[in-house]
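Taking it in order: structure first as structure tokens, then the write-up.
A, B, C and D are the chain letters, set down in written order, and residue numbers restart from 1 in every chain.
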Amino acid sequence: MSNTFGDVFKITVFGDSHGKAIGGIVDGCMAGLAIDESLLTKELSRRSAGNDFFSSPRKEMDAFEILSGIMDGKTTGGAIAFTIPNNNVKSDDYLNLDSLFRPSHADFTYFAKYGTTVSAGKLQASARIFAAVVLGGAIAKQMLHQFGISIYGFVNQIGTVSFDKSYKEIKPETIEDSIVRCPDIATSEKMMEELKTVKANHDSVGGKICCVITGCEPGLGDPIFEKLQARLAHAMFSINAVKGFEYGSGFRAAGMTGSQHNDEFIIKKKKLSTLTNHSGGIQGGITNGEDIYFNVAFKPAPSIGQRQKTIDREANEVEFTASGRHDVCFVPRAVPIVEAMAALVMADTYLKNMKNAE
Amino acid sequence: MSNTFGDVFKITVFGDSHGKAIGGIVDGCMAGLAIDESLLTKELSRRSAGNDFFSSPRKEMDAFEILSGIMDGKTTGGAIAFTIPNNNVKSDDYLNLDSLFRPSHADFTYFAKYGTTVSAGKLQASARIFAAVVLGGAIAKQMLHQFGISIYGFVNQIGTVSFDKSYKEIKPETIEDSIVRCPDIATSEKMMEELKTVKANHDSVGGKICCVITGCEPGLGDPIFEKLQARLAHAMFSINAVKGFEYGSGFRAAGMTGSQHNDEFIIKKKKLSTLTNHSGGIQGGITNGEDIYFNVAFKPAPSIGQRQKTIDREANEVEFTASGRHDVCFVPRAVPIVEAMAALVMADTYLKNMKNAE
Amino acid sequence: MSNTFGDVFKITVFGDSHGKAIGGIVDGCMAGLAIDESLLTKELSRRSAGNDFFSSPRKEMDAFEILSGIMDGKTTGGAIAFTIPNNNVKSDDYLNLDSLFRPSHADFTYFAKYGTTVSAGKLQASARIFAAVVLGGAIAKQMLHQFGISIYGFVNQIGTVSFDKSYKEIKPETIEDSIVRCPDIATSEKMMEELKTVKANHDSVGGKICCVITGCEPGLGDPIFEKLQARLAHAMFSINAVKGFEYGSGFRAAGMTGSQHNDEFIIKKKKLSTLTNHSGGIQGGITNGEDIYFNVAFKPAPSIGQRQKTIDREANEVEFTASGRHDVCFVPRAVPIVEAMAALVMADTYLKNMKNAE
Amino acid sequence: MSNTFGDVFKITVFGDSHGKAIGGIVDGCMAGLAIDESLLTKELSRRSAGNDFFSSPRKEMDAFEILSGIMDGKTTGGAIAFTIPNNNVKSDDYLNLDSLFRPSHADFTYFAKYGTTVSAGKLQASARIFAAVVLGGAIAKQMLHQFGISIYGFVNQIGTVSFDKSYKEIKPETIEDSIVRCPDIATSEKMMEELKTVKANHDSVGGKICCVITGCEPGLGDPIFEKLQARLAHAMFSINAVKGFEYGSGFRAAGMTGSQHNDEFIIKKKKLSTLTNHSGGIQGGITNGEDIYFNVAFKPAPSIGQRQKTIDREANEVEFTASGRHDVCFVPRAVPIVEAMAALVMADTYLKNMKNAE
């Protein structure tokens, strides 16, 4: 089911980077949910909003159209279909590269899988399809909001500049004040410096996002192969360019002892809670009521303005310089995508677990 | 489908830690595959083999019985069912803890999900069910072997001791020579020292495993939500105690530039290859023919011999010391589990992609 | 997955009867398949083409738009998304019935499931969404055509008029010559008489369709819960108003003995074949290479022009007469829908089984 | 997923007819459900109980063993695994037929799908695996019982003898009094006469079962491709030898007009109900609260004592007479299988729909 994600709350997306439209179908959303379309617009614009320092100049006007499933501002219980038109398509920029395999792009692997008929990799592997994911995630967020669950992400690394503090030390409402979506002002400025340097080198740079899910009741998730962390990891690695995922203590846990790592149970405000949260809100695949938090690492965009060597379909060695648009760093723009995938996982998990409610 | 993994080559497992048997069903394996049962025994013993320094003294005699699907040493195409009896069960060790929530165990979350009737968390969340996974993975490995695909893992961190070199610098055939499954002799000895210290403290310690998949042809995997790395991540986070997963360049990619990270295509031995392999053998969710490699981080076992504070079901503060068996470090024993989950992913991916063969 | 059908070749549909558009996404179609869009138009028009005797006067101009997945006339391997605009929508005809439960419609059951917010039943339960199914089926047919598999259906009963001969005694190419899609001229005329009588009574009438699948190689399908006949039955009962399904000898088999019913194997044209075909081309859930054939029974349309009694949402007894359009008999128009669902099953089955090809 | 059925309440079965055991895993059953094992035994014995007139002399002692998921008489929420040993296996009876394709058996189709290595068809296609289905269904029945849902079936045709009255005219508690499971005494005796004649001819005979599901609240089921009738049809055609399925008015609906067929809504005992029930308790794929009822047609067993012609693997014409056990008519023994598959569908549907409960 490569274009479908979820078991109960499901999304199916479609879209070539240079076709008429991309879009998706959300199936399984509860009936009677009020949908505020301005919030859908807001999430979409968070993904597409450009900035000359880290983003490509392509101005994607992510207008969308709801085709079914919402009537008089409320979900009907039927599938919610939507399209997002592709504007400003300059296919020539890409398609003149059709005969060579760009390094660290999906050109070669799509060629190996789908054959020679079209440059499928260039079409399908576009990150633009994640605009549809963001829109579906925005619907999921509105459903989750009703159950008290909130999700936010922020950038805690761009290239050599890191923000190493816990999510507990930032104010979520300040994230959007930073162009790079890092809520620490000093770090945010250093990241902008890093981006200027990279841009001057006609290069790109990677980064890292921290995402936080608050408000989950205990008991959400499943054992064995459907642990909540497995669903979240699956979701995050569905995003283009993701190279690493860790939740709670993450990779640091490998260096810790049990006596350091164990989260002691306590009673806080008459509720069972834990003194520390190395578990990241999940134990045995199931929520324990504490915050869920995780990091997602992104590689640098493979499209750079420098001259590169590669091989073409006829096995010739060639050199090329990518023309057209490309991002210096797409990590800030990936924040709403990370949030959207998390929202899709949580909406699905929430509805799946309502069957255990009684 | 919490107890089932895979779409074409599928495994369904079952087993309470203290019931009569655990086991599983492998459905979708190709017909006519020769199965060497001694290799199944070998894989099982790799998981269960104890060592006084890092493992619990419980001697699990992982005999198994094939109930269906194999006849005269070959698969029939039907479901392959197997059981592994539970011996040496001392349920009292666990069940006298029934009324309290052990820190960083699944006791509380299973209680929240499944209710009070039985100590489900203590029953189901046992790592022992992964013996069934190892057996299913051993069948998958034999199928993959026929297509030239091999999988091996090794320990590259235990607590504060790391082995930081690439998998390319080790000899896979020496892994099993080390009690801790680290093929570098000097590091292996340091890890043993670390384990002795931790054991003396009645504590446990985490660690990290590197796993390598060789021999994949280009073109295996799927785009969007079924990227091969997403399936691998899902598989790894299904394993108890996993806190982090990264493939190829992993978290390091966040600090790199595109010009550093891009894998230049070259022709090597008349085959398209890449000069570097930051991509970890996967581009756009699909194999490119290079080695797939990834790291998996494990938290320390939450069962330790030190006195701990916690809360019981009646919300009382209590103190306890876990009696009975517990591992100082289960990471070396997790190597065959990581390999097995990887094998299940690859067998499923391989069979799914055969439809693109023509 | 209520809006998605299939495992490998999958369709996801959407659409309210009175929204902007209906449509769907076909995911999993092979890459490089030539798509003749005129054949898609033809199939759509077979479903929508009206006739004053048996069909509603609504002229549905089923134009469609392909949004992704096809480039230069060939599939790319990516998801194929399409929309079909809704024209000529007169929502008032339906929606003034909003407060009452029409007999044998889905009004009450959708109300019970989805609640009061919108008249979901009237929106979603519309047969119009099957235009999207027909379009997806038309893509499946073109894929199957490449592998030598053909599908056709015809009407063999309308109300009291039946055509009881085997599908072997008709000429498939004459089906479309008949307004009621019954290739026997004499029966076709009797059916038209029946329709005139029913229409004069402001009533509707049921009917039956026979569908035939030719050209399957032996070995397609799966055992146990995924028998080919189970998939076909599932597909047919997904169509609105279907009340019965039988394949091969069908219900007659209940009255037969084994010596009458067994299909003796013979060699015909150097190929294994059977003397009779009570098995309907399937044995043990898997094709044997003979023709697959089955019957599908439809109830009469519940919308009739007569005055009817029912109950409204406030539990009052009410009388009403349905205004607006309604079909005397939708069975002839259901022929392309039956074919489309059969094509979706066979395309999925075919791709699933390619993994057994080697 | 050929050996797995269901989405939330799932069963995975395994078993070769002549291996050590058959069995299954039920995953997704609610926690805390009391399981009466004597009811499991009772259902199993209903399937296996032999009778010299219509059943084979093989005495299958269907003892079973629960391996996991039930503790102290209650479900834990974990997977419930069970095995049923195969006793009295006389493999020679079957396997000396290994080189020929028995008419209307799955020998040839399994050969075409799985190849020559083993006589997979003879192993896997055995109806015996449905003992595991019956056991899983017995667990589902106990869950459904708690929600007021009951399921019963009875035989309403054996060969030329039919019982044509509605299920409303029989007393369900008398079904088991009849050897052939037909609650009408006079018809039951005629059926026994038919069976004696067929047996004397060394032949077999088909039949038909009516199954009734009572106690469903309105609103269970899903639209489009997961209509409740589609799930039931899928389930029934998973049973070996099923050739037809109809629910409610079934095939008769094809001959009816809308004014005859429409079920007028009325208020009965202060509850919305319908005057007639041609809808068979389902409208638009969703329950309306009336009884669900359906008919399932079975072909005669293909194993008969008469001499038959066929073809062997080397394409030679051969004659053979099946030795060993075979049923004159397995339809009475199929009643608990039909009920079990219906119970599995309803348990799955019920749990899926609990998410709409609030």
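Please note the rule applied: contacts are C-beta pairs under 8 Å (C-beta built on N, C-alpha and C of every residue); 3 or more make two chains touch, one makes a residue touch a chain.
Here the structure is a predicted model, which is why all the values come from computation and not from measurement.
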From chain C, the most remote chain by mean C-alpha position: B
Equivalent interface to A-D, taken from C-D, B-C or A-B so that over half of the residue contact pairs match: B-C
Rounded Å distance between chain C and chain D, as computed from the means of their C-alpha atoms: 26
Separation of chain B from chain D, taking each centre as the mean of its C-alpha atoms, in whole Å: 39
Numbers and ranges of chain A residues touching at least 2 other chains: 1-4, 7, 13, 31, 78, 110, 113-114, 124, 223, 356
For the chain B and chain D complex, residues of the former touching the latter: 1-4, 10, 12-16, 19-23, 25, 27-28, 31-32, 65, 67-69, 71-72, 74, 76-81, 83, 110, 113-115, 117-118, 120, 123-124
Touching residues (chain side chain A, partner chain B) in the complex: 1-5, 7, 13, 101, 103-106, 108-110, 112-114, 121, 124-125, 129, 157, 159-160, 198, 201, 203-208, 217-227, 229-238, 240, 242-251, 253-267, 272, 274, 278-280, 282-289, 295, 297-304, 306, 308-311, 315, 317, 353, 356
Contacting residues of chain C [partner chain B, same complex]: 7-8, 30-31, 78, 223, 351-352, 354-358
